[in-house]
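Right after this note come the structures.
One chain, chain A, links the two complexes that follow: it is found with chain B in the first and with chain C in the second.
Let's look at the complex of A and B:
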């Protein structure tokens, strides 16, 4: 194993290519820009194509077109750019096209966007939130697999720290079970046979090859998301010895929670941590189980209170759920602010459970 | 297990990002684990440019936000206040004294003024001032060997900039020569290192 110093964006680009990504497109926007630069530099040598789009709307629709031909296709931006892509993401879902969408977010304010989406129709997006660069390399590869397995758009929720932090990495290609054959792609092979394929949101088909129509098609798609919700929820939990306090967080923030939990536990507090790895599907059953017996469930997220909704929905006792995060943005606008701090988190945990700040 | 965190500060155009990355590559090549987080925004030349580097053995415990750094690497006074509160007491602070004339208000700081910009200008390569200060920094601390810095710099300079490799190498050597050797060692066994 040889580790090379790589910025998160470079490591994620290499992971995407290792996972078979052969089409990438996007419009520059910090902190996503470096991923686009790395794909532009590396993808042609792997036999792929990277196109600098004229806008995020163009990018998501080009990614849709590439996916329709069967290519492993991806795009991305930060949350502001994903806001523009919402119609395209809904179309991807309702046309059952696999595309990986990288949200190199400027903070944690895109939780609702990642888990609820802003398009139309009955769809969800599988959203993975890695806590560091090493996990982002694994999640990137897993996402290409899940996108093909379920024929759905999926999201990697990264951030400034994951996009820009450099560590020594060795991008190891991961093996996954085979995915279903892409017998639906529009690649010209059946042209002129009377059985040319069609990908259309309304699923009406053509006169000699009628489709199921919108109601049946969308019912099946909605059912598919129910199946994904049951099968793909992932989480990380550390309850120690029957914790009384459980801190819930996602992404980079969880690294700070791990540290504070470790320190406070050493000082005698019965404290644990819970992290949804998939923001959607939210690991609700696991959270229900993890929060049993807890007198404090503290949600540390750097936004006005988004994931806390899901935590309240699933906690064993929702009356003990409380937010200890908040909106916190660096003045550059590109990354989390001063609330991303082990010291601040420690104080907020101790305040929430009614212990003096100096010791527990 | 020892972990050493270094906070870098400068302004865009001084080469701070390439210098911090050079040190990270050198440390990785010497078998250490590293975590390097650059801090820059939309502004480029003249804008704030910082970096945080943690070097240690084995899996790092370091968080991607350094709040109590062992050392400061100060190319420029403009954004000094953005790192000063995050330097630990007793921190090693290596400053580019050609530009930095502020009293280092950090408890028990060990301050090493190196006229990096002047030395680089004397060498005829003012652009390499960052490498002068890096040469001095590693000579003072032994965080990595001076030769490892030269190797890392050679790896990092892109193909279209190789004309600067020799000047950078001279800059690293000049910085190392201008610094008190191992005046603030990073590792307990550093004196034994070649």
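Let's look at the complex of A and C:
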């Protein structure tokens, strides 16, 4: 149990390998690049393969092929690269192949992408948004488990801070309950036996082993996502003593919220915080409960207003929901801009609740 | 010994001989030689197929199969082969799938020297969609999207993907056959056999293009298919091994 100083990307790479990842591929793109570099450096020694793909489209399809053999497989990029992968992500959902996809995002503008997806069909992706590197290490391992448990693509929503922060971390391998046997893999062992296996989004099967066909298969898959929605929602809440003001945020932004909430509470404001850990499934019931009695539900996200939709959908009183975030990138376009600041957040909270900025 | 008619029995690696391919389609004889070679070499491969009329050849075959997104079979096959280096891996694509939508994936798989065998069933037309122009449609060919015939001024010229692949160092074997005559079928079978043998020997990326008839998509009579193929596609692309290691 000793912490080692390392970059978040290295910690996440070690967590992925500890979780059994044996195939990784990606196309370099900041701030995902260092995760790819670390996997290239570390995965071969663990008996795995890391490929520098020629495109994100190639990457997601390589990861799909590796997953079809039963290997724990992953890929990633930032949101711009995930945009190219959407066809493959939908395919993974609809042919039920488990792949972990790392979105080392350039900001918080990929919330819709992570929770709604850009592919076709009735599917969702489990999306975990860690608030710091230590949580990213846990989430990475959890995601490999959830991907296998539900046979689905899953997303880690990290960002520049998770990817680049250097921090003391202990990558402790986590134990999870057993997942179902992979009796569906295509590895050549059943070729020529009369019972050859087949993975196909249309699920029609082969003549000797007919499948349910697309309509039934997709209905079952949609039902599976309903089951995941009921079972896997995770959140973090701090209501203090019956708060009147609740600030909702996700990912690394929540660290700033924690600090401001602590300060304002010390100054006498009845304020709390709520953070969806799973962006999908969104912890709607928990938010409903947490917002009861609140006169202000303030959504702090660094985008034009994306998660606020889910907050309005689930808050006990949608009329008190307000967005206090906004689009904020620095000129590189790679990381958050000036809005990610405890001072700015504090001013926006005080403005929203009608208190003078200097004191409360 | 009397010759065995090709229609007189079903290969063991087909779960059914029933199919929905058009009369005169060249895909069936092309796939037949692939199945025969797999059986003769006693291989237990993984098959990855793209989207087209030929997809049903995958479905009907008693081979572990992964249906891939349009154009992406060589990428998915890379993931399969890297996890199962001792397992034969075969991709099956049409010209729309490989050369139009997926040119990037097949070129990069070859450049990496992936130890897979990629098969292209090239009929120069989107058969499944009902006769539209692909990247290999020959000049002058009428399709529903080149109504007066493919015109280089308007539609560009066909891509010779075998010639492209033969220039890539990672490609160990590149050959183009056809199935418009018994002799061509026999010659194509030797190419497929050589490609799979070289894959199993770890030689690198191996590739066989097979020119196949699509009288429906070409808007010619069923019986004219073989001769039309010779005059159009074979005249444009040629037949033979474009790249092969010296026989050992």
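Note that in this section the second predicted complex is superposed on the first by the 360 of 360 C-alpha atoms of A that agree within 3 Å, B and C clash if a C-alpha of one lies under 4 Å from a C-alpha of the other, contacts with A are read in each partner's own complex, and residues count from 1 in each chain.
Assume contacts are C-beta pairs under 8 Å (C-beta built on N, C-alpha and C of every residue); 3 or more make two chains touch, one makes a residue touch a chain.
Since the structure is predicted, the reported quantities are computational estimates derived from the model, not experimental observations.
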Contact breadth on chain A, by residue count: chain C or chain B | C
Would you sort A:114 into first (chain B), second (chain C), both or neither based on which partner it touches?
-> neither
Pick one for A:332: touches chain B only (first), chain C only (second), both, or neither.
-> first
Tell me which partner A:248 touches in the superposition: chain B (first), chain C (second), both or neither.
-> neither
Chain B versus chain C as contact partner of A:188, first or second or both or neither | second
The intersection of the chain A residues contacting chain B with those contacting chain C is none
Chain A residues touching chain C - in the complex, by the definition given at the top | 22-23, 25, 49, 51, 53-55, 57-59, 61-71, 73, 87-88, 91, 95, 186-194, 196-202, 204-208
In their shared complex, chain A is touched by residues of chain C numbered 12-13, 15-16, 39, 43-48, 58-69, 72, 75-80, 82-84, 87-88, 104-105, 108, 112
In the complex with chain A, residue positions of chain B that touch it = 21, 24-25, 28, 33-38, 40-42, 61, 63-65, 67
For chain A, which residues count as touching chain B in their complex?
-> 3-5, 30, 132, 161, 164-168, 252, 255-256, 259, 330-334, 340-343
